[in-house]
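Notes for the one structure printed next.
Naming follows writing order (A, B, C, D and E), and every chain is counted from residue 1.
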């Protein structure tokens, strides 16, 4: 039983880490600010989300699970809005 | 080599780096950043000493950790006061350094 | 299992190190800021992984960082607007 | 009743709580009543300080108090020995004088028909004054190295805005420079404190005294802390922040800064060397400290001679006078014996007290002069004695004390140090003491001699001078004089309640 | 158990590299961003040192309000003034400084390595009377029982620093509001962000203060989060600060220190000492003080970032 859960953890966390790597590569290699922003949001949202999913089987109480999900939700909200703000700034400075 | 020692070395080097920045940088904002590096280094030394003092099922010496919390808040207040002074100085003179007064800026 | 989480944390740390390059290189202010955002998320991931390996309080630290991660970006964007009369897209020489 | 209160530690608590209450009430009532509230607090603070002196005098022992009932090493101890009590009394008197002296601009309403509820000055100055008293009392009482760090930061955060009160570009720059020096100084002090904890597991001064062992680590720790504190005390060559800061502040604030604030970090150096590591410092380390002091006497003296403005002259004189304080360290090595509490420390502390009264009086006198004649150019002060006799008298008495002319307090301090230098065979410090006196005589007579001249046209008064404020200045100068006339009691007070020798205390 | 060692070593390398960048960067803005990230890494470091209370403080203060403070400052200061770039250091002096700093670091490393094998600690001493304080988090017991004086005075320090910031106002601006220097923006992504984050932040602050007596957390962390939310609200035009002469503002500011002080003075009567809590009410008193301190501290921290009161047309 716990073996299966552990497998899930390994699977999801590994995928999450992969997205972090991908996002970082994008951040480093993409040519301009806006495409880099795109790479970044992917990593933020997916990478962290997968890690949260992977860690869910390991929590001890429903509260802790809720907290994990809340972290994810907050990062989603924050990154979506702040990327939009930064994108606006980039556009303004380019125009 | 254990974890407290690693962080102890890190803290020592932070203090040296920060001190260098404080002396070498002209711009006050950069001096303040460097000061905060020194502060972080000192606080990390607290952490190292607190961690080494782990006993009785605690992760570290709670007295030291309590002191660090106080220290961090005080250091923030200091930075905020310095930043406010700097911004006022910049508004008055357009200068962001502490180099000697420009000629003709004598006190009334 | 804890070892696996450590490995994952170390890998995320490596990606943090790589995205630091973007903070260092820029070239635009926005690039640095975005890279800082990514670093924030990576830091949160590391803390969650630490929480998964038994450090329960790490979740609260992650939550704090998640709450405040937007503040830096907001301060950056808004404070830049004041000086937008003279847009300086600071470029490295 | 009074003796029962003064011998238990309750008064120590009140000396901290009263000024904090003053701050909170000033915050609440605002500029309209801040002056009244804080002046009342300052009067009460004088009473508390004299109560503490009475307690120590009658019992001959230090007064201690364990906050919250928690004893060290877990809790924090307050401890008033003779040194603390003497400095607290000086603080109480100088701060009260500064409060009484504060000009009309610091009162409410600042001008007739002003619609505002309060003005900036009518709130800020009093709040900062209150905070200075709280901070100084904590410096003198706390026995815990971390609480003392908090106290140092309180001192700095009260002092820095005082420098910048006028808001001119020069004072802002001076304040910022002062703040940066102060921050670096206190962080290096804190660095030493935490390392001491790492070795000995306590921050309590008397517990540490029983634990410390000489060794390279301890010397390095001591060096960090001493350099940090020296930067805050503006000890030569870390003095560059002081003259513009002290000269640029409003006179009431300059008086506090020069008389009290710089003494806080000096007092901690004393605590560190005499109380935390008693008997351990090596002669060579203390010679270095003494050399910096001597450098300060020379450098400050020569620069004071060159100043064109009165307030800057007084500020440079502060650097020189602070130098004397540090001569106490090499001189504390008696006749071949180890480093110990003794006449050298008494001389140093006497200098701290006498300088506090004299310098406060002098800065305030300079303030009155500048207000009365509209400038403080030394070259144009000729004949001032005829138009501002009381102010000039006060200035003159204070100057005599700074020079070290009998029978002033400054004379007693320098005499004690000279005697120790002679008996301990360290004649080179005596040379600096004497040359420093001549330098002080030189720069002071640059002001006094023309002021007393009869054959020049005196400067015209552009504003009337308040008799009351002149009286406050004169009283401060007379206190510096009285310290010399009645020097026996204070000298004895300074030796009371000093910690027993190191080997007695066990953790 | 080598995984954590490798991780910590990597973290330390990152921290040091970032610190070097903060010191060496050519422009101020990258240095500031570097410093913000530095704060994040340091709060992870605190977790490695098993100090979750400190990690929370560093995350809330270092990651939140300090970042906002410094970014706003670097924007206001703009590009470095030319005077700074003109200064050329004598090479000899530069070398001397480098040697001095290396000596400081090396000396410190030597001291750290010579720390006693068996570290002296107050952990057991602090645990022993923990029960009588009524709280379960020993760090909270340190801050609000054993060393309550430090905490009381620390709030005074913050208040004093805040008045110091206020004192920089021009005389004519005294009765005005503290302002960042840029106009708030209603609606848009910022408004959405603020309206989503602020309620969560306030709830999290309450949780932080409440949980602090038994678990990592407490008033400083809660207050810093609350302050950050306040700043966010201010920027988004949701919240506003009254003028510094406002009576209600003053009440909130002194609420925490006053409750602390009064509780401390009542200790004379109820437990025989200043700042002593009678064992049966100890937890209640500590929670009361924490609850009272939180809004005061949050306001002080927020106002420290906001800067001196200024006339609104001076934006």
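By definition in this document, a residue touches a chain if its C-beta (ideal position, glycine included) is under 8 Å from a C-beta of that chain, and two chains touch if they have at least 3 such contacts.
Quick caveat, the model's predicted, so the values are computed rather than measured.
Novice: Starting at chain A, what is the smallest number of hops through touching chains needed to reach chain E?
Specialist: The fewest touching-chain steps linking chain A to chain E number 1.
Novice: Which chain pair shows the largest tally of C-beta contacts?
Specialist: Looking across every pairing, the one with the most contacts is B-E.
Novice: Just grab the chain with the largest centre-to-centre distance to chain A, centres being mean Cα coordinates.
Specialist: D
Novice: Could you put a whole-Å number on the gap between the CA centroids of chain A and chain C?
Specialist: That pair's centroid distance is 11 Å.
Novice: I'd like to verify one number: the distance from the centre of chain A to the centre of chain D, where each centre is the average of its C-alpha atoms, in whole angstrom.
Specialist: Chain A and chain D have C-alpha centres separated by 57 Å.
Novice: Between chain A and chain B, what is the separation of their C-alpha centroids in Å?
Specialist: From the centre of chain A to the centre of chain B is 32 Å.
Novice: In whole angstrom, what separates the CA-based centres of chain B and chain C?
Specialist: 21
Novice: Residues of chain E that contact two or more other chains, please.
Specialist: 4, 52, 65, 74, 76, 108, 115, 119-122, 126, 146-147, 150, 154, 157, 161, 164, 168, 190, 193, 197, 200, in rising order.
Novice: If a residue has to touch 2 or more other chains to count, which residues of chain A qualify?
Specialist: Counting only residues that touch two or more other chains, chain A contributes 70, 74, 77-78, 81-82, 85, 88.
Novice: Any chance you could list the residues of chain C touching two or more other chains?
Specialist: 33, 60, 63, 67, 69-70, 74, 76, 80
Novice: Spell out all pairs of chains that touch, sorted by label.
Specialist: Result for touching pairs of chains: A-C, A-E, B-D, B-E, C-E, D-E.
Novice: Flag every residue of chain E that touches chain C in the complex, lowest number first.
Specialist: By the definition above, chain E touches chain C via 3-4, 6-7, 10-11, 13-14, 17-18, 21, 25-27, 29-30, 33-34, 36-37, 40-41, 43-44, 47, 52, 55-56, 59-60, 63-65, 67-68, 71-72, 74-76, 78-79, 180-182, 185, 190, 193, 197, 200-201, 204, 208, 215-217, 221, 225, 228-229, 231-232, 235-236, 315.
Novice: Under the definition above, what is the set of chain E residues touching chain D in their complex?
Specialist: Checking each residue of chain E against chain D gives 107-108, 110-111, 114-116, 119-122, 125-126, 129, 145-150, 152-154, 156-157, 159-161, 163-164, 166-171, 174-175, 245, 247, 250-251, 253-254, 257-258, 261, 264-265, 267-268, 271-277.
Novice: Quick check: in the complex, which residue numbers of chain A touch chain E?
Specialist: Interface residues on the chain A side: 70, 74, 77-78, 81-82, 84-85, 88.
Novice: Spell out the part of chain D that touches chain E in their complex, as residue ranges.
Specialist: 10, 13, 16-17, 20-21, 23-24, 27-28, 30, 65-70, 73-76, 116-121, 124, 127-128, 131, 134, 138, 144, 146-147, 150-151, 153-154, 157-158, 160-161, 164-165, 167, 172, 191, 195, 197-202, 216-217, 220-221
Novice: For the complex, give me every residue of chain B touching chain D.
Specialist: Touch residues, chain B against chain D: 15, 22, 28, 31-32, 35, 38-39, 42, 45-46, 48-49, 52-53, 63-64, 67, 70-71, 74-75, 77-78, 81-82, 85-86, 88-89, 92-93, 95, 98, 101, 105-108.
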